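Next come two complexes built around subunit A: one with subunit B, the other with subunit C.
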Partner chain A sequence: MTHAEVLIVGAGPAGIAAATAAARTSRSVLLLDDNHAPGGQIWRTDSLAPNPRDRHRDAALTSLQQSGAQLLFNTRVCDAPAPGILTTLSGEAITHIEYDKLILATGARERLLPFPGWTLPGVSGAGGLQALTKGGFPIAGKRVVVAGTGPLLIAVAAHLAAAHANIVCVAEQATLTQMAAFASAIASSPAKIWQGIKFRAQLRGAPYHTSTWPIAALGDTHLTSVRLTDGSRTWEEPCDYLACGFHLVPNTELASLLGCTFNGDFVAVDVLQRTSIGNIYCAGEPVAIGGLDAALIQGEIAGLAATDQLQQAQALHQRHATSLQRFVTRLEAAFRLRPELLTLAHPEDIVCRCEDVRFEQLVPYTSWTAAKLQTRCGMGPCQGRICGPATQSLFGWKPTSVRAPLSPVPVSAFIQFDLRTPTAPQEIP
Partner chain B sequence: MHYDVIIIGAGIVGCACARECATAGLKVAIIEHHIPAAATTAAGMGHIVTMDDSPAQLALTAYSRGLWQQLAPQLPASAEYEACGTLWVAADDEEMAGVSAKQSVYTAAGIASSTLSPDVLASAEPALRRGLSGGFLVPDDAVVYPPASAQYFLQQAQASGTVLLQARVIRAANHSVQLADATILHTGKIIIATGADISLTPTLPIQKRKGHLLITDRYPGLIHHQIVELGYLKSAHKLTADSVAFNVQPRQTGQILIGSSRQYGNDDPGLDQRILAAMLERAISYIPALARVSGIRAWTGFRAATPDKLPLIGPTEDHSVFLAMGFEGLGITNATGAARLLADHLLLRPSAIPLTPYLPERIKQEAYAHA
Partner chain C sequence: MPTPDAITVAVNGQPLQVARGTTAAAAFALASAPCRLSTTGDPRSGVCGMGICFECRAIVDGVRHVRTCQLPCYDGMKLETQQ
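Our next item is the complex of A and B:
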């Protein structure tokens, strides 16, 4: 069994900062991620080659590489079988990693909401299409509508524009007034907290509509246009792709499996990023949707605290806590979902793509458990990662307990088990 | 408010009882403290299977399966009823040697079955490993999705006037049922159908028997029958040791449900990695292709086991209180039969098979015998 004094799950900005800070001590630090390179969502790239346009990223990656932290990629945590042990999967191989301290930096994913046509080929998450193009998907010359909500929309539109996509428009559901509070938060913060904002200039003239949202994706076998509305006017934008996401939801499944206490949808932590479980820390989006700077600072605090560099950790917290918290609050207010978005789905629209569950099938139920049991909503391979947050928004249902495996695992992986003890089944016929 | 019957517990057994009583014209309330069909009924496999562990078990499973067959045409699609049959496989000649005796028992009970040579077995289920000694096919056994089946029973009951109350019952005796908020409901009869939860009947010798299951992603056509090793009987009926057996089920979705394990004395609902591993290893040893399929979720459930492996159906010393409990690994199958027998008894109707072997009073006699 591998052992690490400090094990960090997730090599996005939070995990990178945590590993770098923790490795300054003589502890053994292991940083793992299911992607093939560090970077997480925002710094996701195909290679570790320097990117002169993103000095933050390059600096962070260089520090990480020089820190002495061990890196493990293409490795996904799929279970927490016992205190102090995580089970990981790489390819079809299962490994158990023992830890003294654990830092969860598992980031966030997009919230997708159902509306007519959202399952048509050509419709994807906004960050999803961005990740695809980073992976080489040919987007040049394609007409793309970017819609939904959140600063991610601008980042995605800018990224796609840089990849020579033809951005038809960006449709942001939030009102201009709502967004103004957010803009002032940016202005008053020391750094470009959300990297997306600086891309605004790079939209290359594509219109950015506020108070505008998609009500239908149209097409027979593939998307051909998107119907947008601003509440009074409705119009269609012909396009090849719709990149559509409704802000972010935290990846808290591992924290939940470990039994960490939650504060609403987020993992509860103290000023040192400690969770309710003494040797487990959490940083970045699972703690609050706060953007890049929050992820970096919280990650560093967690890395320091987990290696007993408490003074530095506390100092860092004191320096930044107030401004980060203000930013989180403004971000949340700026991109709050408008009620109209929750009534877009028609009875026949699919809500759970894994199990083909339609909106109308869910209507009779009053809880996620009952709906899941009777309709199989959320029982498919993604285990409710997509439809869980959607039904939470639509019906107010709270997701229930998370179970292993956290993601599909080949059956053989379950039996590559090196924790066997003498209490193994006494009699196997 | 006065009811003819109050049923405690809306698992598949309670729901089936509610349907039988309500459609016969009784005024019924069913009380569930959580969500209907979310306890053991949500954790089980949904194999509608005839089992010949004892004559009484064969009688009840065969009767119950027949009722499921009658119901099949009216079950909603969500119940996923599929008469895929049970294919018992023999790993060696010793297991195969038992098949002809088994077949005569089934034939005598009027249950269709056939014996499969190794070649026929291989063509019936090509994914099975080579070198098995043969098989025993019970073609009319079936598979259902238990929560939706229970929900159907409940809806049928509600359509006949049954009232569903959400509450925890803390006492049930002498024609009255007390809820956690101290409300008292009056009733002619009480049916306790609380599954493996014996807090209302703490003296019953019902033990929790933990089981593990794993569901895979979709692999349509990989298997065609519910496939069970003949060694299952050996393992399932051991009363003490932990055991695992090969038991796999094709779902209508193309998913495969892999079982099964049995453990006593472990009331922790968490996964037991060693048992799960042993169970999957066993499944892979029969169907090597399972090693590569993707498992999406594993869970556990608790069977309610009685000392003689038969359920408790019928009246207790308190003549207002009836039991429908202790179904171990056959409560989905036997829900239909148990509910019908109990309704027959309450309504003084003749029943198709004798209730005697399942009467709770036998437990007391046994206690005396052991005293």
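Our next item is the complex of A and C:
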């Protein structure tokens, strides 16, 4: 069985910062991720185009490489069968990894809300289209509407514009007042305002509408246009792609499976990023949607704390906690969902994409569990990761207990390995 | 003429040349083919781009339910829309 003194799940900014800080102490540090390269979503590299230089990313990746941390990619956690042990899946091979300290840096995903046509090919998350483009899909010349809410919209639009997409418009559901308050608030942070100015310049004249949201995606077998509204006027924008996400929701399934205490939707941590379980830490978006700066600082605090560098960890916390918390609050206030977004789905529209469960099928139920049992909503391979946050927004349902395996495991892997016998682990060659 | 960095995959039996590093999900998009048909037969393609939504799952070299957004293409890869 593989053993790591410090095991870190998730190689985005928080995980990278944690691994780097922890590995400097010469302890054995293992950083694993289900992608094939480090960086998470925000620092995902472009597989074809030359990547624009990013001082923060380049510095973080260089530090990680020099730190001595071991990296393990294409590997996802599927179970936590006993304290101090995670079960991982890589291809069809299941392995147990033993840890002394565990740092969860599992990031966030986009909140996706159902509306007519949202299942059409050509409609994806905002980060989803960015990832497809970075994965080699040539977006040049394609007409793209970027819609939804959150700072990700501008970043995605800027990236796609740089790749010569024709950005038809950016439709941000937040009001101009909310956005202006957010923009003036982040002006106090030089790095952030610099990013904002750069992104606006990179939109190359594409209209940026506030108080505007999509009400329908139109097309037969592929998207052909998007219907937008500002609440009084409704119009159609012909386009090839709709990149649409409604801010972020935390990836907390592993923390939940491990039994960590939650504070609302987020993993509860102390000033040293410790969860309710003594040897398990958590950093980045699962703790609060706070962006890149928070992820880097919290990751470093967790890495320091997990390796007994408590003074440095505490000092980092004291220096940054107030400003990070203020940013979290401002994000929440700026990108709160307007109530109109919760009435977009028509009765016949699909809510659970895995099982094709329609809105009208869910209406009779009063809880996530009842809806699951009666309609199969949330029972498909994504295990409710997309429709769970949607039904939480639409119906106020709270997702219930998370169960192993955290993502589907091929039967062939099960046959080779008994998930529930960590006392007699076997390495699968 | 194939460029040195180009590889050939098949999407639903049709050969497609893609640059090395292209994900299988991008190959489906390049071929204008859906990754899967939903339980009621609707065409679907990747949504989240990060291995969470499972909408990009397809048949890769005969293996079903493979998430194509996290999978780089290799020469000779056979991609099929999953029904």
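To be clear about the criterion, the second predicted complex is superposed on the first by the 399 of 429 C-alpha atoms of A that agree within 3 Å, B and C clash if a C-alpha of one lies under 4 Å from a C-alpha of the other, contacts with A are read in each partner's own complex, and residues count from 1 in each chain.
What we mean here is this: contacts are C-beta pairs under 8 Å (C-beta built on N, C-alpha and C of every residue); 3 or more make two chains touch, one makes a residue touch a chain.
None of these values were measured; they are calculated from a predicted model.
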### Message
If we overlay the two complexes on their shared chain A, which of subunit B and subunit C does A:121 touch? Say first, second, both or neither.
### Response
second
### Query
Should A:215 be classified as contacting the first partner (subunit B), the second (subunit C), both, or neither?
neither
### Query
Of the two partner chains, subunit B (first) and subunit C (second), which one does A:370 touch, if any: first, second, both, or neither?
first
### Task
May I ask you to decide whether A:36 touches subunit B, subunit C, both, or neither, giving the answer as first, second, both or neither?
second
### Message
Quick one: is A:321 in contact with subunit B, with subunit C, with both, or with neither? Answer first, second, both or neither.
### Response
neither
### Touching partner for A:409 - first (subunit B), second (subunit C), both, neither
first
### Message
Under the stated touch criterion, which partner chain does A:380 make contact with: subunit B (first), subunit C (second), both, or neither?
### Response
both
### Message
Touch test for A:131: subunit B only (first), subunit C only (second), both, or neither?
### Response
second
### Task
Find the residues of subunit A that appear in the contact set with subunit B and again in the contact set with subunit C.
355, 380-381, 408, 410
### subunit B contact footprint on subunit A (complex, rising order)
81, 92, 355, 367, 369-370, 373-376, 379-381, 383, 403-405, 408-415, 417, 419-421, 423-429
### Query
Which of the residues in subunit B come into contact with subunit A in the complex?
35-38, 42, 78, 147-148, 151, 214-217, 229, 231-232, 234-235, 238, 241-245, 253, 258, 261, 271, 273-278, 280-284, 290-299
### Summary
The answer for subunit C against subunit A in the complex is residues 18-19, 21-23, 25-27, 29-30, 32, 34, 38-40, 42-55, 57, 65, 69-70, 72
### Query
What part of subunit A is in contact with subunit C in the complex they form?
34-36, 41, 47-48, 74, 76, 109-110, 112, 119-125, 127-132, 135-138, 221-222, 251, 350, 353-356, 380-382, 385-386, 408, 410
